[in-house]
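Note that chain A is present in both complexes that follow, paired respectively with chain B and with chain C.
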Partner chain A sequence: MTKNFATKVFSIGFWLIVSAIFLLTLPLFLQASWVSLINEMLIMALAGTALNLMLGYGGMVSFGPAGLYAVGAYTTAILLTRYGLPFPLAVLAAPLAAAAVGLIVGWFCVRRSAVYFALLTLAFAQIIWTVIFEWYDFTGGDNGIVSIPIPELLYSITHVYYFSLAVVTVCLFLLWKIVHSPFGTTLQAIRENPMRAEFIAVHVRRYQLAVFVLSSFFLGVAGSLFCVFAGSVFPDYAHWVKSTDMLVVCLLGGIYHFAGPIVGSGVYILISKIISKNTTYWMFFLGIIVVILVLYMRNGLVGFAAEKLAQMKNRSEVKKNKDVP
Partner chain B sequence: MKRRVIRSIVLTVSIALIFSWIGPAQAAEKTPIVIGFIHSMSGAMSMYGISSEAGGKIAIDEINAAGGVLGRPLKMITRDDKLNPETGLREAKDLLLSEKADFLTGTISSAVALAISNYVKREKKLFIVNISQSSSLTEENWHRYIFRIDTNAVPYWGYAPAIALAKTWKAKKIISLGFDYETGKNSLKAFKEKYLQLVPDAKIIDELWAPLGTTDFTAYITKMANSGADAFFLACIYGGGELAFTKQAYAFGLYEKMKAIQPCAGDVETWYQVKKGESYPKGALATCRYPFWAIQDPKSKAFVEKHQKLVGFWPSYGAMNQYFIVYALKDAIEKVGAVDTEKIITALEGMTLNTFVGKVPIRAYDHQAMMPNWYGVMDFSPNLTFPHITKVDVIGEEGYHSVDKIKALRGGK
Partner chain C sequence: MTWEALAGQTLSGISVGMVLFLIAAGLSIIFGTLKVLNLAHGSLYMTGSFLCYGLTSLLSQIPGAYWWALLFAPILVAVLGGIIEIFLLRRIYDQEMLYQYILTFALILILGDACKFLFGVGYQTVAAPWPVNGKVFLWGLSFPVYNLFLIGCGLAVFLGLIVLMRYTALGRNVRAVTYNREMANALGINVPKVYTGVFMLGSYLAGLAGTLMPPMSVVALGSDMAVIIECFIIVVIGGLGSLPGAFLGAIILGLLNAFGIYIIPKLAVAFAFMLMIVVLIIRPWGLLGKPE
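Right after this comes the complex of A and B.
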């Protein structure tokens, strides 16, 4: 029992080290356009994991993560372009602004549950989109904001990649800590049965609001990172299509595993990239893939893999036990 | 333990190998000059993308058949931007970095164009726009690495219709209807600015604004009919919105009651499926960006035929622009004698394109080609199945913002 546990931890740690080495060295052997693509995956992985804090751990289906993501992106963009703030401040302000907006939006949204919650999040995200789209003097409307004065150091794809990698790693670590804290456990209890949670004196609504704000905070980080990465922002970032991208990333990877959205992000961006390179009917193929995933891998890629691994382990253990006379 | 380490090393190395294998293209004997083409190739706007791609292909086939440029063949690589600036940017990076594209061209979405424009500015690579209309691309957000061989929103939505109206009917009392967003407002602003300068005693008696995406215009149509105006002006109502408006206005008899200025109506893209007997903007004054039926140069006729053969429908103005872009690049490369972005930019600045629609200068100040805008009256003629502009006339450089005006817009820079 203890040994099993030890090997498990060892293998997780081991895989973390392997992927860390891979991520740290990849600009040395990969083409710049792939580095840039992996940068996008990292940012999407953070956005997905932030959403999954609500979706997978809190059981709150949000259709509006893109709104908060856009708040992050636009905060950095506007602070840099209009107010000429120093770069670190503009980046740090993004998650705070997103969390503040998340607090307001969340305050309304957590008052309803299930479908109504989902609809409210969608509505608020569309409000954010409309504000960005229509407020020309401030947000640039449908022209977005271009030529954002990012420090020249971050112009190079490799440098901006390391920047994203560092920020995403720190954020994922924090999210991991949150999920595995008593707060995270309470959250899962609420997901499983809100009423029972309330009976043991958990203030459900307050917890849900807290997770909403936390999730907004990290979505804001992701948005800000994308702004730094792309050097421009557009109202599309707040559009519901972007929200569904994030939801698909979570579902694809598996919402009941911490690594789900991370794997989902990599696979989703890679798939859409490869498909759209080879055919213009990318929507069709993407649709087929999603159908297959939903029908045959209901817990996502990570869930599926974990299930298979567990089965294999079980089998070998049964075999081992049989061998013992 | 040991085995695990070895296994992981093998795994990591093989992943690295797979990744490095996906990328690089083998160098051919004669490396082609690569033109990256990013457009909307799927979804609602794909017709423009497919048509533009065909236009570029026609030019490239002609040039390669005649021996290429500096002895090297031209090659165009197409990517779908899905109308999304993120995807467009990703594809632009991929084209420049892994496909080693020498130039980027394309886009219909202005957001995608702005995103790519911002990127090429950093990378110091050339990007030539073939459709995106946003005037800010060559005005407020202009930089050395962007060119546009196409009209832009100022002449197309505002100045050209104003000049056309001043040359024809000189309507005195005008009512406008537009989509309620920035481009709509800017269209009317540009139209007013030019028209009131040309016909000082004219008046815009009322401005009506419909929310973006409106399809039921009946309330607005009644209002227009009873306004006492002698003409109406559509400010940036296009595509499905324009089709819906026209259907309702036609049924109402609005085109009999008053004169109509419908800027978009001259382009084939919206109207090619409309047949005789169906509703169309009858007798409306309209602008058009490629009235191939009215262009007599045999090269244009051949172009239309080749386009038909290639994709099976009429060429959009995007196809013509992409055709001109490829030839402009060829001329510039030959003039410079090398594929050198900086020198090519200098060569393109102030170059005059010799095209089948006449001589088109590229203005050095804003890198905007002075593409003509045509106008005429919407009608049917025996040779074509769809409604189109007749009595065609052309507006040239006078349709564009003057250099002084752009200087002012750029804050005196």
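Right after this comes the complex of A and C.
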């Protein structure tokens, strides 16, 4: 038993070290276009994990993560361009603004569950999109905000990459801590059975609001990172298509595993780049992929792999037991 | 605002509301019976409008091409709906709701790109067909006949659906399945067949709306998402699963859109969302819905 546990830890630790070495050294041997692709994956991994805090751990289906993501991106963009705030402040303000908006939106949304919760999140995301799209004087409307004054240090893609890597790593670590804290466990209890959770004196709504705000906070970080990376922001960031991207990332990787959205993000962005290079109808193929996922691989890539691993382990153990006379 | 403008806005608001009612009614019936929120309902509408355009241009040599399209396009959409229900939705009824959302979301992507592939990215128009083109003069004001025709269609479908649901054997079966699926099954009602039938009926209504709309507006990509969001607002305001609710919600939304544009053009869209949020907070089951 202890040995099994040790091998498991070893394997997770082993993979963490391998990926850390790869991520830390990759700008040395990869082309700039690949580095920016991986940068995109990192940001999407953070956004996906933030959404999954609600989706996988809280069991709350949100259709509007892109709205909060856009709040983060626009906060950084507007503070830098219009008010000329120092860069660190502008970046730090983004998650706070997103969390504040998340608090207001979440306060309304957690009053209803299931279908109504999903519809409310969609409605609020559309409102955010409309505000961004129509408020020309402040947000630039559909022209977006371009040539945002990013510090010179972050002009090169390598530096932006390391900046994103550092921030994403810290955030993922925090999310990991949240998920594995008593708070995270309570959250999963609520997902499994809200009524029973209420019976053991858990304030379900308060927990759901808390997770909504936390999720918004990290979505804001992701949005701000994307703003720094792209150097511009557009209303598209708040569009429902972006929300779909995030949902698909979670589903592709598997919503019941912490690593799900991270793996999902890498695979999804790679696939979408390959498909969209070859055809203009890539939404069609994306749709087909999602249908196949829903029908045949509901636990996503990570869930699928974990299942297969468990089966293999079982089989080898059965074999071992047979060998013993 | 002059009297003429006021009357014109009211009429166009209600007639757009009627088209939205057809879609929202389908959405609502499907949700009521299957407990599936069909996010791809707007895509069925868009498919219907592209089929209308395709059929009218295909049959342009034949007199009354539009009327043939009006006959066949919704049927094609209903068949498409049947295929979707039998091959996709049926497999995930016993799964968590999340998967229904994601699956129907995927259908939005697939149908959207399929329309793009088959009909191109341009804006298409369909002329209002003869007897219902032109204008009619009433009390010294002029109204487009097509708007009146739409209102007539909406009312007819509304009454037809109510009669179908309340006074026919078919409607009784559907209500039985809606009320208690297991019990209906035990009493010998073929539940999967009812599910397919209801989904096809909902799809037919979406297709019908898609065919009726083009002479009043344009056929374009992206209408799927615009329409589905408006339908969500309608069914939430009126009450998910309630037909009269969908009717009331559609008229409210149609008028709100028509006059919102006059008052604060930029926030016209936000008005509807705000109304929806207010309803959800005060009366979450909708104006004419029943609390669970």
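Just so it is clear, the second predicted complex is superposed on the first by the 325 of 325 C-alpha atoms of A that agree within 3 Å, B and C clash if a C-alpha of one lies under 4 Å from a C-alpha of the other, contacts with A are read in each partner's own complex, and residues count from 1 in each chain.
We adopt the following convention: a contact is a pair of C-beta atoms (placed from the backbone, for glycine too) under 8 Å apart; a residue touches a chain by one contact, two chains touch by 3 or more.
Note that the structure is a prediction, hence the values are computed from the model and not measured.
In the superposition on chain A, A:Tyr281 contacts both chain B and chain C. When the two complexes are overlaid on their common chain A, residue A:Ala32 makes contact with chain B while staying clear of chain C. Contact with chain C, but none with chain B, is seen for A:Leu251 once the two complexes are overlaid on the shared chain.
In the superposition on chain A, contact of A:Asp236 is made with chain B only, not with chain C.
Looking at the shared chain after the overlay, A:Tyr83 reaches neither chain B nor chain C. Of the two partner chains placed by the overlay, only chain B lies in contact with A:Ser147; chain C stays clear of it.
Within the superposed three-chain model, A:Glu134 lies in touch with chain B and with chain C [touch as defined at top].
By the touch criterion stated above, A:Tyr155 is placed in contact with chain B alone, chain C being left untouched.
When the two structures are aligned on the shared chain, A:Phe14 is found in touch with chain B, with no touch to chain C.
Overlap of the chain B and chain C interfaces on chain A comprises residues 134, 281-283. The residues of chain C lying in touch with chain A in their complex are 31, 37, 88, 91-92, 95, 97-99, 101-103, 105-110, 112-114, 116-117, 225, 229, 232-233, 236, 240, 266-267, 269-270, 273, 276-277, 280-281, 284. For chain B in complex with chain A, the residues that touch the partner chain are 4, 8, 11-12, 15-16, 19-20, 22-24, 41-43, 46, 79-80, 82, 84-87, 89-90, 93-94, 96-98, 110-111, 114-115, 117-119, 121-122, 134, 136, 141, 143, 181-183. Chain contact summary for the complex, chain A toward chain B: residues 14, 18, 21-22, 26, 29-34, 36-37, 40, 133-134, 136, 141-144, 146-147, 155, 157, 226, 230-232, 234-237, 241, 273, 276-277, 280-283.
Those residues of chain A whose C-beta lies close enough to touch chain C in the complex are 55, 61, 63, 108, 111-112, 114-116, 118-120, 122-124, 126-127, 130-131, 134, 240, 244, 247-248, 251, 255, 281-284, 286-288, 290-291, 293-295, 298.
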